[in-house]
Structure formats: C-alpha cells, structure tokens
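Across the two complexes that follow, chain A remains constant while its partner is chain B and subsequently chain C.
So, the complex of A and B:
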C-alpha cells in the first residue's frame, strides 16, 4: 500500500534525481519497495548507475538486484537490447539460477515469441512445479495474447492451489469486472477484503460491483460497504459519499411500494450530502450548483 | 538528544535521592517511635520535580512521534501497488518508444 508520506517521498526523490541531484539508488530502492511501475525513470537512472563503474562497485551485492530491476524496466519500455544485455550479465554471474531463467522467459514474452516463452515456462515448472511467480507469468502471458478466458482458467487453477494470494484474487476480480461477470467479481473482491480488511479501496470496489449488480439486497450491502469506506478514510472519499446518496435513492425507489419508514437511511443520506457540499465548496466551488441540483434530483426521485 | 539524556539522568538521581530521604526519615521515626504518616513536604516537592524531569526526558529522547490513525494525512492509502507479478509488456506504450540511446556499457 502506498501511503501519502511514501508517495510524497517518492515524488521528491524523483524530482531530485531528475534534476541531477544524487539519490538515484534510494529512489530505485523505494520504487522496488513500494512496487510502483515507473519503468522509464527506473531504466534511465538504473542504467546511469550501472554504466558508472565506481557507483556500481559501491553497491556491492545489490548490483544484481539492480540488474534485474533494470532488465524488467527495459522490457516494459521496449528497449529489448538493454534487457538482453542485463540478462546476459546476470546469466554469466548466476549460471544455474531459476530466477535468471524466469527473466529470460520474460524477455521472450516481451519480444512476442509466445510459444518459446511458453516452452521455457513449462520447462522451468517441471523442475519446480510449485513456483508461484511462473504460474502468474503464464496467466499474464495468456492475458497479453488476448486470451482472457484462458487467463481466467489458469488463474482459477492457480488459486485452487494458492488460495491465500490476495494479489491473484485482485487480478481475477479485475478481469471479471472487465468482462462484466459481476457476481464472480464480487466473490473475488470478498476474498481480497478478507485478506486485507483495512484497505478502503477494496471496500469501495466491492461496493461499486454490488451496486452495479443491483437488486435490493445488493444495494443495501453496497451502502454498508460505502459506509465502511467512509469510516476507513475518515470521510474524505468523495466517491463513497456519492455512493451513499445513490444507494439510498435506489433503495427508496426499489421499496416504493412497501410502506417501510427508513428514518436512519435518510439521515445518512442528508449527512453524506452535507459532507459532499462542504467538500465541493472547499475544493471546486464553481461546480457547487451542479452538485446541489444533482442531489436534489436524487432525493426528489426517491 | 544529549540534553534529554542528561535531564533524564538528573531526574532519576533526584528520584533516588527522594527515596533515600524517605527511608532515612522512616528509620528516624522508628527510633523515636512515631507513626509514619507521610514524607516531609520537601521530599514530596523533590519527588514531583524528579517526576517532571523524567517525563520530559521520556517524551523528548525517543524522537518524533508517528500518527497511528489510518486516515490521518500521512497514513492514508493513496494508491494500491501495481500488480507487478501480472505485468504484461504488450501494452499501448509500445508505440511510444523511450528515447534510450544508452546501452549497457560493459
């Protein structure tokens, strides 16, 4: 999870390194720790460290991690010759390494030679049938070739063995959402929330999916999850506030025939509306009239 | 940091001195066979002073306190880590090649 302090630290380091100040190694370590995808900057600064023999010797044993990081970044930026050189240097140093074998297979993937990459991955899997990362690379390869159903199949098989991998559940949820298979996506998001209950973004995504599926029960559960997102973010998440307003009006529409007086529902909606108006007044005051008309139409239609 | 340590040390010494004075006072009272109702006032003042000094040192020596609320301005989650295990290289960025004229030189 990238927190605000870490993000601002990353940005400062990025500006510092871009403008020629030192600190490239700290920047690269922070990118590695936070698992963000900044391939062009990693490539530029990593290559400048690797080409400077003094800086390279200062790194000691960490230089091979840097080789790996720069190789992956080069593949992402389509600089395949740089990636090839880094992989060759790694292979020369670690001749019997599965990790380097994985990197070489990734290089084949980046080049677009899917069958050779598939062969490489299967041979690596023969030696090591429980290697999580190779399974995940196979899923990614299926996804890259456009074979989404194949990717889903591989991912389901992977998750039958490694049920605790929340990254894989998240990936599966996103794939299902892109295919509009919302019920399955909701299931995957439930697994993700079970694994990491304090990340508000998962609650938000789950609530969105439930609201999209529709139906009275789902919209009521979606309202609860929007409320938990607001709880976890201290009321600062605009999307969750909007979600509460929309859910309340949807519930009111769905229960129009029945005679249930839901006092606390309307209270929640008015509170959310007030919070939204306050937020807009502070951050985008020229959009405030649009917001008030939209909120009024929501309450009127309910 | 050095100042905090010194003040903490002085505070601890004052507390020990207050304890010693109280023990001495009690022994004196035992000799004169009077009841021990409480330490003399000066020892109580010494005790409070030692407490204040130790508290100040304990708050200042460890350094900056971090916030524990998950929705505070520093701790709130801004973005999720990109799912790098599932990263694909077949994305639209292929059309915009990075101007990378450098190569690995050795």
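So, the complex of A and C:
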C-alpha cells in the first residue's frame, strides 16, 4: 500500500518520463521500491534503457536488476519473447542462480504450462523451503487456473509459516469476500489491523465486511471502525462517512422500539451528514441535492 | 422471469462506458449498473446509460447500498430507472456469473422485474484490441 505522497511522486515521474524528460531509471527504481504494478510503463521504459548500450553500461551492476524487472513486466503484459530474452541474458550471466530459476518458472507460468511450472516451483522449494516469492507464485497459479479453494489452501499454509505477511492476509480476505465467506474475511482483516493499526484502509474494509455480515453487534462494531477510519484520515474519507450514516440507520432499524442509543447515535450521524455535505459542496456542488435526499431517506427509514 | 418476449436496446453511451471501465482495470473484476426505461409500447427496455460501480471489493454491502440509493435519486429526477446490472470477471477465461453477481442481479430484479444482467466476455474484449469486430462482447442473461 502506497501513501499519497509516494503515489503523487510516482505520478509526477511517470508524466516526466512519458513526455521524454528523462529520469526513467529513477522511475523504475521507485516502482521497484513501492512494488506497484505498472507493467506496461516499466516494459516501455525499461526496454528503452536496455536497448541503448550507452545507458546500459552506465547502470553497471544494476543492469541485471533491471533485466529482472523488465522480464517480470513483460510477462505481465504477455510479451513472452521479451521476457525470454531477458531471462536468457540473466541465465548466461548467472548460470547457477536460483533467482534466475525462479524467473524461468514464472515464464512457464506465464505461458500457461501449469504443470511444468508447478514442477519447477516444487523443485526450487525443495532447495529453499523458505522462499516467500515461490510460495506466493503457487497461490497465484492456483488462482489463475480458477482453483480458488486450492489457492485458499496454499495461502493458509503460507500464512502458517509467515504469519506476519499482511499483504497475504489482505489477499486472503479479498478471496474470502469474493466467495462471500465474510466471517473468515473478517478474521483476516482483524489480523491485518493488529499488525498495522494505523492504516485506515484496513479499518474501512473490516467495517465493510462487518456491516455485510449484519446483526446488531456487528453493525455497532462496524460503526466504531468507521469512526476510527475517520479519526485516522482526519475526517476526509467519504466512504467512512457514508458508512456511519448507513450503520446508524441500520442500528435504528434493528433496535426499533428501544430508546437507549438515540442521543449518541444521532449526534454522530448528524456530524457525519454535515461533513458529507461540506465535502460535496466543495467537490461536486451539483450533486448536493441528491445527497441531501439520500441522507434524509436513510434517517427517515430509521 | 419476464413473461413476454422483451427486447433490450443498449445505447452506445452505455456500452462504451462499460467497456472503457473494464479496460481501465484489467486486473480486477468490475461491475456497474444499467440505467434506462421501458418504452411506451411496453415491449422494449431501452438501456440509455450506465454507471460503473466498483473495481475492487465488489461484494461488500455498504458501498453497494449507498451507490444504489444515490443512483436512484439522481436518475429518478430524469425519469430513468435502474434496469440492469453489468459484471466483468477477473480472469479472462471465467465466463460464469459468480454468486455475487447473481445475488446483486436478483436484488435488482426484485425492484424491476425485467432487469437484465450483462456479463463481459473477456476473450472477445481482447480480440477487440487486435481486430475491429463489432460483434457484441457481452452475454445477456435475464
């Protein structure tokens, strides 16, 4: 997950490089550092550096890192011959390397030869059973073949070994939500929030899942997590503000006839509604009437 | 679901919006809502517009509820309704309507019995880039 500053820096570099302003190497290094997926740009600019022998020799030892990065980007864009050339060049230079072996297995995976790739990965894992990337490639392969339950199994095994990999927990949560197994997804998000309690995105996702499961307690907890998201983002997260309005009306519906939570709930809702209206006035003033009617219908139905 | 044979007309506006949305997010599933009206002679459903919804975290309820409420509000002032649902799967060879899409589609059908669900055919989308075929790249189901 990238922060806003990093994202804007990346965008600026991207625009600069796209318009021929140089700085391709910085852009590629930033992409590598942030681990974002910009494969078409990486391919274009990486190839332009590699094909220019002057620029290539300037890189020195980093040349091989660039080969690896371009090979992976080429596989993502399905330019398999480019990927093959890069991998061959790497193999010539590092003939005994496991890292190159991994790239070759990825190439098999990109071609769609699942069984050969599976064999290659298993043999690589025998030599090095703690290679995170290979484990993750196996999960990706299962997912790509449509074998979602297999992917879940592999991912669970991976997480038993590497419990601190929060990206993997997030991936598992997303797989569970796509299968509508919301309780398991909630568990995954709990793990992620424990590991990284200051990232508002996870609080938001957790609140979403809790609301989807439904039930009074869950919706009340969801409201708390929406509130914490707003806290963490300084009140700017539109989704969380809407979430609070939805939660309050859902709670009111579920507790019809009981007057306990009235004061506290309605205060929070009116605050959220005001913040939303302010936000809309600033950014989309012509949509403001729809917002007000929608909010009214939410409170009326409660 | 519908008792008589209904025709469905998809306007260019709606079609293009949906295709562009799926192209913008090639690595995730996307979905969207179809807006339109039923024609006065009561035998054609005209799909005049489309609103792309999400490209990640599709099956989560709160966002869906809010977006449907806001969309209803906005389009009812123009006299249009939600008439259908659009879905594109993540993987290029997944050509089935998953559980989530079915649930959302059923929900929309409850409010508008003649609603249609359009599923994007990812393979044909790819071919579109290379050739200039003008065949429909979506499969309709009711």
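Simple rule for what comes next: the second predicted complex is superposed on the first by the 298 of 302 C-alpha atoms of A that agree within 3 Å, B and C clash if a C-alpha of one lies under 4 Å from a C-alpha of the other, contacts with A are read in each partner's own complex, and residues count from 1 in each chain.
Heads up, the rule we're going with is that a contact is a pair of C-beta atoms (placed from the backbone, for glycine too) under 8 Å apart; a residue touches a chain by one contact, two chains touch by 3 or more.
Only a predicted model underlies this, so the values are computations on that prediction, with no experimental measurement involved.
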Which superposed partner A:170 touches (first chain B, second chain C, both, neither): first
If touched residues of chain A are counted for chain B and for chain C, the larger one: B
Contacts of A:144 with chain B and chain C, given as first, second, both or neither: both
Which superposed partner A:37 touches (first chain B, second chain C, both, neither): both
Partner chain in contact with A:233 - chain B first, chain C second, else both or neither: first
Partner chain in contact with A:246 - chain B first, chain C second, else both or neither: second
Touching partner for A:79 - first (chain B), second (chain C), both, neither: first
Partner chain(s) touched by A:179 [first = chain B, second = chain C, both, neither]: second
Partner chain(s) touched by A:90 [first = chain B, second = chain C, both, neither]: neither
First (chain B), second (chain C), both or neither touched by A:17: neither
Shared chain A surface residues [contacts with chain B and with chain C]: 37, 143-144
Contacting residues of chain C [partner chain A, same complex]: 27, 29, 56-63, 65-66, 69-70, 73-74, 77, 91, 93-94, 98-100, 103
Residues of chain A that touch chain B when the two form their complex: 1-5, 7, 34-37, 40, 43-44, 47-48, 50-51, 53, 72, 74-79, 81-82, 85-86, 89, 106, 109-110, 112, 133, 136-137, 139-141, 143-145, 167-168, 170-171, 198-201, 232-234, 236
In the complex, chain A residues that touch chain C: 37, 143-144, 146, 174, 177-180, 205, 207-209, 211-212, 239, 242-243, 246-247, 287, 290-291, 293-294, 297-298
For the chain B and chain A complex, residues of the former touching the latter: 69-90, 93-94, 97-98, 100, 102-106
